[in-house]
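Look for chain A in each of the two complexes below; its partner is chain B in the first and chain C in the second.
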Partner chain A sequence: MDAVQGLATDASMTPSAARAGYPDLLKRGVVVAALIVIGLFAPTVIRNTYYLGLMGDAVVLGIAAVSIGFLAHQCGLMMFGAAAFTGGATYLYAIALTRFGWNVMAAAAFTLLASTLLSALIGALIVRARPLPFAMLTLALAQMLRSVVMITDFRPVTGGDDGLALSFAGAFFGLPQAQLSRPDGFWPVAWLALCGVMLLAWAVGRSRAGRVLRAIRANEERMRFSGFNTYAPRVLAFSLAGFIAAVSGLLTGLHTAFASPELLDFTTGGNALVSTLVGGVGMVSGPVLGALLFVIAQDQFGANGNLELLTGLGVVLVIVAFPEGAMGFIRNSVARFGGRGAQAQRGGDHAAR
Partner chain B sequence: MLRVDDLTVAYGSLRALDGVSLEVARRGALHGIIGPNGAGKSTLMDAITGRRKPTHGRIFFDGQDVTRHSVERRRRLGMSRSFQRTSIFPGIRVGEQLELVASQLGEKDLAGIVDTLDLGRVYDELADVIAYGDQRRVDIALALVGQPSLMLLDEPAAGLSTAETTTLFEHLAAVARERNVTALVVEHDVEAVFRFCDTITALDLGRLLANGAPDEVRRDPRVIAAYLGSAA
Partner chain C sequence: MDFSQIFNIAQLANALALASLLTILASGLALIFGLRDVMNFAHGALFMIGAYLGYTISGMFNFWAALAIVPALLALLGVAFEYALVRPLRRRSPMDVALVTYGLALILSQVVIKIWGTAPLSVAEPPSLSGSINLFGQPYPAYRIFLIGVGFGACAALAAWLKYTRSGMHVRAVSQSPMVARIMGVNTDRLGLLVVCMGTGFAGFAGVLAGPYLSVDPALGASILINCLIVVVIGGLGSVGGTIAAAVVYGLIQVLGSMLSPTLAVMAPYLLLFFVLLWRPQGFGRGRVA
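The block that comes next holds the complex of A and B.
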């Protein structure tokens, strides 16, 4: 009842902020800032180029997974066709560079802006759908885009089956193409992008907009009967998910300098989807952990020649054993050993992510 | 405050509501809506709140024609509702959901609502783990946030014991009086309706049977024949 009485004096204060407290938030901020800085120096620790390359792949996949996890957690919508937004962004970047002749910074800005606007447009059409039709619509979109880029008439723009090889003369935030193609040169860009999108997803989840989205997910009709527009917030969430996926696609273009139809294939989006499920959607870090586990597992399973069989088995085992994902398991374990009720922890974290 | 003119809601050839007209003028009162299953009570609620579009007729709220208004717009004008099946936000703490809706509708006295409906002890609980009776009161609290002038409550006592029903109606009567809000209550517990409501509308097969003070409605031969039977 103390919380109730507190309302009279500070109605604007969020419940999670009230519980966590600003000093605690500041402490967390310092830890996060330190982790971001430490992460930048990963290449000095992981000197093996191959493993650093794997880490870079995990980061790019992790960003796509954050996009899927954000939408799943905030809106209860699972994106089966994330490849449409990651691969689509890679193509937009490649087209802006090779066909429009723009410099790399302009091409990157165009990629993010156009992808976000397209996501808003697509979101406006599909966010009203129920979860399963929604998932299938995004999948259909990716498959449709894959077909479009391979249409012979569009070959001068998209490169058709051959895809688009690209190159740029200038520098992306001071990094020339040759450096971005190397794992150690690409790492700082990928790492900062990952940290940026995670912070963005976390901040939105913690904001009033995040609480509105989760309430819409919990009971859309009640939200409408509480005076909320339930459509616009979901379109905005979808646009943000599209933006995050576009960051992943842009990074792919910057690092590999190639856009191919395979980027729009279901398996590409499927990898991000599996990463999301393995890591769990309850926290922003879940999909990133899932992507890291996925990339490491792919590397190990591929080495003994049973990649698909072992991947399938691994995914089934993880999902059955950890219904809330690997990060959910870690969170619940920490809560249990920390003496806090798992139930209370679940409720609190859902609010704050 | 609320005027319904010749309201018809049809599903194909079936008329769930057939030319119903009624007026609720008094503020701070309870207005009961009774009738057997299939009488059109919930359809009437749905049409008034915008959940279902009427086939014919008009709805006026505080002198304004709201027939074409969206659910959200009607809510912001001061028309709220609760549902036959408890409609709360599962997985979200009671206090958090009340605060969210309060911030949207500019409610200044959330603490008063919580106090009136005795929700203080479940304020920090997840809404889906509290007792059913508490969930019903959370549902009503959500409808009460934003100082609505009209609340439509669809079977608020469904699933409650006789004692809980009496307590709930006492709460409702107090809320209506103290907050000067009119409550339109669909309820199958006839005794509670006749005991606590100031005026009553009786429906049957989508048509209006009677409208007036409890004693008048209780004595109406058509209401007795269609619904009350020996209970009258």
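The block that comes next holds the complex of A and C.
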């Protein structure tokens, strides 16, 4: 009900809002562009390669989390087996590189294209499922891929439990492999990919398609009665989530130059899922913040040897204490104490919600 | 491939042994889901704790004592689970709660490693069941026969409770439609507590039973959890009858697959899930479509 009304008011509001919003939008665009450029110089600020490496990991995890958060927020569907899409993309890239013998650009393009097409195909089959069976289906998909790469018959293609070590001679957008495997060489690629993915998710969430998706999430039957196609938008959203996850998988392949069966583990998808929920799905930036917190926490917890115990405790405490995730908590606090500035902030974020 | 190889009695019995364990675990999972809407990712860890406690208590007393004490201990854990997690989080989305139980599973498995270490432990079967029985001309371990009998016996008892008693009827009613059941005067909280305790108790029971059959190690929980989840979803969420049927089908497909083609056997459970959910989204049983 809410959603449909929201749709109607949104639609009627759009012209006037747009007229009033142009200078505002321009201002925000400049701020975003500035942030993107500033982010590129992170390696000059963070001199320590170890911490820069952590940031790179956080970005890769963050992109996967953006994918989960996008689908969760726009469709109400939780991908438990995101590892199928991230790890699957890494494997596609590895296979294109080592078995087809393609150069790195072709392999990367193939990875993104093939992953998106495959996600569209899988999405066409499973987006009709209710949220919980959907979660289980994606989990099963990840487990199936995990088993498939381990099968001895496929060993010549997938490398079995040894995984696939990658090496390429050419350059990825002018960056040779030696550069990409270093944290400071990898950073610009990862950062730009993250910004691109976040802008994409934000723009789609803001568009008419995003409004239709959220209305379907609220009440699918009502939308169908109102004459909307409720199937195609969800397949589209799923394909987009698959594409975003593939970007994360591709970055893993480029950076680590290795595809291992662990990438398809339940825990790999679990890490991204935990990041998403810790950050909160309400905003595009939530999952990224969650991923950053997750990577920092992993680093701290790993130092005293109780990684899994403390991760478990952290997951339980954060999810119990912050129902809307860290980003939702921050936004609510700002809204409560920030006054007018927070109002503007809320207006801006509303579209991404 | 000759006929006798496909219908190998020992293989079939193995499938049933695995299926009986899965049935006990999955029916506990299905009960908890039906009453509480909680997809319990900690169920595998509870199973593992049951196996470790079974190891310790069999060492202190004997196997039969463990079989009686461990489910009771885990039922107590279930009380804590209900009061500390399920009730405070009932207004949260099922996904949040599922993730909390996932965190709980991480914690529990680390606690187990802290107490018992990571080395695999083996539990001796009770002396009366240590021999083998002649099964249609082939010797077969007596303990596995016992496992099959007890596993399916427990599930039959559960099914009978659900079908023929008043509280069982209430459980089915709440699984189908919590709101209507509450309006009709069913105390869903009391029932929920009972069912969560039964679910965790069943996990402990399965853990003790698994001790002599599988080796007891920290990976025990994670490896069986996914299979259990698949069985519960195939069976129909919240439907115990469907879950039992799904566990048996799952075990049979697993074993038939391993005899016909190992490649297929690896993928069979997942393909089964895909086909069942695409063909019949509510699963085998008459559960709710969640």
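Please note the rule applied: the second predicted complex is superposed on the first by the 319 of 353 C-alpha atoms of A that agree within 3 Å, B and C clash if a C-alpha of one lies under 4 Å from a C-alpha of the other, contacts with A are read in each partner's own complex, and residues count from 1 in each chain.
To be clear about the criterion, contacts are C-beta pairs under 8 Å (C-beta built on N, C-alpha and C of every residue); 3 or more make two chains touch, one makes a residue touch a chain.
For clarity, every value in this text was computed on a predicted model and none was experimentally measured.
Of the two partner chains placed by the overlay, neither chain B nor chain C lies in contact with A:A165. When the two complexes are overlaid on their common chain A, residue A:A215 makes contact with chain B while staying clear of chain C. In the superposed pair of complexes, A:A203 makes contact with neither chain B nor chain C. After overlaying the two complexes on the shared chain, residue contacts for A:V334 are found with neither chain B nor chain C. When chain B and chain C are set side by side, the one touching more residues of chain A is C.
When the two complexes are overlaid on their common chain A, residue A:L117 makes contact with neither chain B nor chain C. Of the two partner chains placed around the shared chain by superposition, chain C is the only one that A:V315 touches, whereas chain B remains out of contact.
Once the two complexes are overlaid on the shared chain, A:A232 sits clear of chain B and of chain C alike. Residue contacts after overlaying the shared chain place A:A109 against neither chain B nor chain C.
Looking at the shared chain after the overlay, A:A33 reaches neither chain B nor chain C.
Shared contact residues of chain A with chain B and chain C: none. Chain contact summary for the complex, chain C toward chain A: residues 39, 88-89, 92, 94-96, 98-100, 102-111, 114, 222, 226, 229-230, 233, 237, 262-263, 266-267, 269-271, 273-274, 277-278, 281, 289-290. Contact residues on chain A toward chain C in their complex (touch as defined above): 72, 78, 125-126, 128-133, 135-137, 139-141, 143-144, 147-148, 150-151, 153, 266, 270, 273-274, 277, 306, 308-309, 311-316, 319-320, 323.
Residues of chain A touching chain B in their complex: 1, 3-5, 7-8, 11-12, 15, 208, 211-212, 214-215, 218-219, 221-222, 224-229, 343, 347, 350-351.
Across the interface of their complex, chain A is touched by residues 49, 51, 70-72, 75-76, 80-81, 83, 87-93, 95-97, 99-105, 108, 110-111, 114-115, 120-121, 123-124, 126, 129, 142-143, 145-146 of chain B.
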